[in-house]
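Scrolling down, you'll hit the structures one after another.
Here come two complexes built around subunit A, the first alongside subunit B, the second alongside subunit C.
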Partner chain A sequence: MTTDPRETTGRPAPQGSRIDPYVDSYAARAQGMVASEVRALFAVASRPEVVSLAGGMPNVSALPLEEMGDIVRRVTTEQGATALQYGSAQGDPALRERICEVMALEGIDASAEDVIVTVGSQQALDLVTRVFIDPGDVVLAEAPTYVTAINTFAAFQADIQHVAMDEEGVLPEALEERLTALAAAGRRAKFFYTVPNFQNPAGVTLTAGRRRRVLEICRRHGLLVLEDNPYGLLRYEGEAERALRADAPDNVIYLGSFSKTLSPGFRIGWALAPSAVRAKLVLAAESAMLSHSTFNQLVVGRYLAEHPWREQIKEFNEMYRERRDAMLASLEAMMPPGTSWTRPEGGFFVWVTLPEGLDAKAMLPRAVGERVAYVPGTGFFASDEGHRNMRLSFCYPTPAQIREGVRRLVGVIENEAALRDTFGTTPAPPAPGGDAPTPDLP
Partner chain B sequence: MTTDPRETTGRPAPQGSRIDPYVDSYAARAQGMVASEVRALFAVASRPEVVSLAGGMPNVSALPLEEMGDIVRRVTTEQGATALQYGSAQGDPALRERICEVMALEGIDASAEDVIVTVGSQQALDLVTRVFIDPGDVVLAEAPTYVTAINTFAAFQADIQHVAMDEEGVLPEALEERLTALAAAGRRAKFFYTVPNFQNPAGVTLTAGRRRRVLEICRRHGLLVLEDNPYGLLRYEGEAERALRADAPDNVIYLGSFSKTLSPGFRIGWALAPSAVRAKLVLAAESAMLSHSTFNQLVVGRYLAEHPWREQIKEFNEMYRERRDAMLASLEAMMPPGTSWTRPEGGFFVWVTLPEGLDAKAMLPRAVGERVAYVPGTGFFASDEGHRNMRLSFCYPTPAQIREGVRRLVGVIENEAALRDTFGTTPAPPAPGGDAPTPDLP
Partner chain C sequence: MTAVHPPEGTAPAGAARTAPPSARAARQKVGRTVADLHRVLVLAGGLSPEHEVSVRSGLRVAESLRRLDVEVQTADVDAALLGRLAADPPQAVFPVLHGAPGEDGVIREVLEISGVPYVGARPDACRAAFSKPIAKSLVAAEGVPVPRGVTLPKAAFRDLGARELVDRIAAALGLPLFVKPDQGGSAFGAAPAATAEELSNALVSSFAYGDTAMVEERIDGTEIAVGVVDTGDGPVALPPVEIVPDGGVYDYSARYTAGRTEFFAPARLDGAAVGAAMDAALTAHRALGLRDLSRTDMIVEPSGRVVFLEANVAPGMTETSLFPMALQAAGMDFGITCRELAHRALLRG
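So, the complex of A and B:
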């Protein structure tokens, strides 16, 4: 006896249909995969007349292209049999040795055995999440935090809980409080995700004193730290902080990247993890992609071996410092009262808080109309927060473009404030106590 | 009131411990991530004195390295600002156009809009699985099937069910039967995974008549086909078959790769999917890695634009044909009675069935001792099958090495058979009807 399988599956044959015939076939996690609402706007924002303070793209035009061209040519002609072949899922051993030299600049003493090379540090984030997160598992993250980390945690159905931060980074007492509350509820967090240096999006850096306290709290609670450090070497003033991993090798998974210190075009990032975790990450990487591009790994390895890369980073830092200064000076000179912003010592981003009653997301279409773009703050929270915030990037536009961009932005903000004063009608964030989770921001 | 969180989590602080302190932190899916048992042996097998008939590595030394070196140099110096920057998660539009030209060779009429570029077709497999598979969901796969596809499905906790195949590919009646049984049990499969050309590991090709029947069955059952076609263009005799996707654009996700027709070192593969599915895959790719290497995509695009790649594939095919012929002739000349094997018209692999009572996995250490390596059949099943099988690759060794490798292998098999005849003691596969699932193989 047979049944009609179409009846059983309850689905029409998809042929020729304009409606998604697979809508009831997707995994539960696919529900968490949604396109950003502001994506369409960014297509407009990429037009040349728009000054984009939105993107986090490094300024790769500062790279020595002729020299890079020579390196990629020689990797092909001299190492082709290796470079053009499959590699191991863990990554090229020589590159992993070089990566340890890079990490040593931030106090990390690591073995190449515990490094895995990934497709940017984004893939490392993804691998860590897939190894640790079951649906409903708690991930702690700074408020605000990196938008694509939120996406990745959400794609694995994590319960993302924010921990408040201020100008000195995450608040240790807020972290402790959250862990205690979880424990009291019989729950635990799988890890605490942090970008300790020149945070994306807030631009703030965790101070030395707080690093000690955060590590002490995490160690006491048996909580793994996921330290994401793409910007650490891009410091324009002040003293470098030691990586969290430097002082807690068994409690920290450290993520690094060459996307900002060399180029994102090769997609070379890495994770450094306690050995047992690293073994899991390698297996996850193998099922995710077999192996990363051997060619790209040999290119980056050769660049590190042959090029004075520390000097190159110094050059980058001079360029980015000038851009950061242009942005901070412009904000200082032009921003209306009631607006505040962070003062990053490195990295790419400034986090702006608008005067009360203004909504950065609602304002974005008007800003793009005035030929300036930014990222509204709401995207950097798993909860409904950040309406008064925006992330401004100074990495890609020139100082002159930055000044012009801020000038246009200030015009838009002043206009919005005038409308608010006259009509009291700018779209307000949801009232506290409503459907939105309690905000963690101070 | 606070509790000691260490008590709540039940875990000691991990500092300094030699035991994995995170063992109870991993996600359930991480239990499915296990290292292959034969991996350690393959480290030994990579020694130069061993003839490896194990690996599926293409022979990249046949590539024109000087010309490739010139291409990668010009991509850097002429397109550096784009090549070294972030790209889109969907992939470079020009490369996606070129990919459509490649697919046209197998009868596919596709829009570049529906193509997503991935880190080899392995990542495409991973993205499809994460978009469709909840724990316990059924995936249908040929028996045997590609080992890393099994790993990926298992990593997302799929219930992998095999469908029997023979020399003409998967058996349509077995597929229908399985679907009917699932429907009767109130279950459905999410997709049917197939490698229709020169299958890995079996080397067989789905015939034209069976392609029609398989598509008809899948369409009737509303079942998506996941067509994995890395070897399709590597045909050494006979007529090319139309891709399944060519005749069922709304029912098939097609996976392709440049790993075998150009080089695996750039890790450029792709998926072609119905629009709604493609949109989900792009979002999944973004959270998995932000974007693939722009550099690599421009290199492959430029290679396809500037190099006579169809001629290059013809050259590859002449080289691989000679190797396949060497393997088939050696097997014919030397294999003991009771041994059988497939006769692939293309691709990289021959699937051998040993005389009754022999176990290819148990025999492997002895084979490596005799300086020849292969992959035991058991790895290509999600169930406990394939003990009498081995996969032999002819892609990487030279014809002379292949002949020598088969000669050594035959010596090992004859020794095993003699031991079996004398002592009746070679390790036997589990008795049917035991713990193992019912085998699907004919």
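So, the complex of A and C:
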């Protein structure tokens, strides 16, 4: 006969354990940080057998590694004492000058004094949010918007409200309506967050006419604009638009990054802000990190000074254009009726809308089972929206892999449509935890 | 149905053998001569949705073996595996793969034909256990209560009409119900259903993970897991672990987020229920032809009746997993147990 351990040992009834001894200590903002099924599926998506159209990683295979190695060596031997020492929280002055040269390509006229170098533009986003947002403050964002921005705003307990968008970017009337409604309710938004070029995730670009109207509306309502522009120079066709910051230097905080135009591995991004804001950002950066990597800043500064970096970007654009074309051609050739998608003029992403009744998040396990991955649209909304959408990345896989990935995806969509026909359209209840990996991470 | 191999080194049928915790712990301290165990290959990862859980389980097993001075390598199941087994064969393989192809017999078939010793159940026992409906019928045949249920492929709903079939299932089994894919773990695709509409939704969720779904009456009671381990003297049932998830459903988030579930090890059950649960786990382990280790999930009704849900041949070994918790409740060391299992595999050859 089996033995009851308590009869043998005479121990009293056991205490429960939650494994985590700090379960009652976490801040309210940490409550949503839980293991999620969707993240588990993304762990499988990194396997080579899976064609991942999910990750937003730039393709760094085209980088000139020999030259890069040479620069690293020279920074170490010629500037070692500086490179290996603490720097200032605002960042290396020479690099900030170079950054102004880069921004000039988008019409921005800026002083290096108003630039702060950050650990990727992600940190710039974090610092701006830290400096402006109290719990409950309203942040306006496009519908959809960049997932990690949502996570950052949520970490500071913002009230994130989405504003409708179409293939030309955010709808100015919708923005005006929302601001008016907020004012009527005695509330105000702290800033409007936009990714105006080849948006992550929607792929769309805010047209020139819309930019003028958005700036006018924001000026009239006294609303700060947070312009996040990591993809602006990755344009494959058409004419570049002037940055919002170019036409409204006092109302716009501009975030830039070298992650897609050079490499994400250096973690060099920046914020360009009106001087009073910039002063606060520098203080916030100090308490976040003391100073950025002096070494990385000097390497990137040298690269910009000594190498034809515009040519390098052209080379990247050739490569990405080919992939974008493969993606659009495959979608055109294979997607079933009832699906639609955006046609980006640059950047990395296409935003697909599935036929009525299908749910991209509910479909993800089946897709991963068929060895293709994408990011469900729900990850890009703070509210429970985006179920019919998928973000497809074309930056990383080869054109042949893209075609194969779309082929597999179409099979999954057709099976899912058949399943929905069988059962009638049924909405999936929201599951806990994050709905997307941090797309830029492998 | 394929014949089930009897597990090796087991006691005669009907006699559950467990030594008192103190004697087991004492024997572990002295230990056997495991010095000839040099090289173990831990297989972890895989292509199922449980990939990440498996990687963490594998890391924990590998680390615990390394602390005992066993040389451990880890590998995933991919195109390089066969070449690796041929070029640098380990003394024993410890598969910590969850879901297919780790728990459904596929990898073990490969290990069998590669002539590499491994820990855990043989392929046909895996196939029996991995299919929940087949496992239920084998265990029920030994007198262990199982939930009433039906198992149907999605084609049946397509061909016979989903609405009518859903209504018929709800009428036949009564509500509330619980739906899960007929294969797979970590609660992927599993959901409760309190109405016919919820049943429809739950079936759609389940079919995202597999083509066949199992619908069962939802059993009320205390959710428990009972580990079974055999380090040479026959299978031994470990103390039951009681599972109390916040929100009432032991879903993926509840399983793998520390703090979301409360565990009681041993479970807060009276002596009779504990005995019945441990007996049921041993019966399941034998009926399915399992070997070395297993974890059986059950629910104990308020009346004390123990109902079998499923058995797992490669239980999770993460920091929130039930099998390591049960070992600890039994006073057994996780690393030493892993080493003994690997050693047994080596001795089997």
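Rule of thumb we're sticking to: the second predicted complex is superposed on the first by the 399 of 442 C-alpha atoms of A that agree within 3 Å, B and C clash if a C-alpha of one lies under 4 Å from a C-alpha of the other, contacts with A are read in each partner's own complex, and residues count from 1 in each chain.
We adopt the following convention: a residue touches a chain if its C-beta (ideal position, glycine included) is under 8 Å from a C-beta of that chain, and two chains touch if they have at least 3 such contacts.
Note that the structure is a prediction, hence the values are computed from the model and not measured.
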Subunit A residues touched - subunit C or subunit B, whichever exceeds: B
First (subunit B), second (subunit C), both or neither touched by A:60: first
Which superposed partner A:411 touches (first subunit B, second subunit C, both, neither): neither
First (subunit B), second (subunit C), both or neither touched by A:23: both
First (subunit B), second (subunit C), both or neither touched by A:190: first
Which superposed partner A:399 touches (first subunit B, second subunit C, both, neither): neither
First (subunit B), second (subunit C), both or neither touched by A:34: both
First, second, both or neither for A:43, with subunit B first and subunit C second: second
First (subunit B), second (subunit C), both or neither touched by A:365: second
Touching partner for A:423 - first (subunit B), second (subunit C), both, neither: second
Set of subunit A residues, in rising order, touched by both subunit B and subunit C: 1-3, 5-6, 8-9, 13-17, 20, 22-23, 34-35
Touching residues (chain side subunit A, partner subunit C) in the complex: 1-9, 13-20, 22-23, 34-37, 39-41, 43-44, 47-50, 362-366, 368-369, 418-424, 426-429, 431-433
Subunit A-touching residues of subunit B, taken from the complex the two chains share: 1-3, 5-6, 8-9, 11-17, 20-23, 25-30, 33-35, 57-58, 60-61, 63, 65-66, 68-70, 72-77, 80-81, 83-87, 119-120, 122-123, 126, 130-134, 137, 148, 151-152, 155-156, 179-180, 182-184, 186, 188, 190, 219-222, 224, 248, 250-251, 259, 263-267, 274, 276-277, 279-280, 283-284, 286-296
In the complex with subunit A, residue positions of subunit C that touch it: 16, 18, 20-22, 45, 47-53, 55, 78, 154, 157-158, 162-163, 166, 186, 188-189, 197, 200-201, 203-205, 207-209, 237, 239, 244, 251-253, 255-266, 268, 271, 274-275, 278-279, 282, 319-320, 329-330
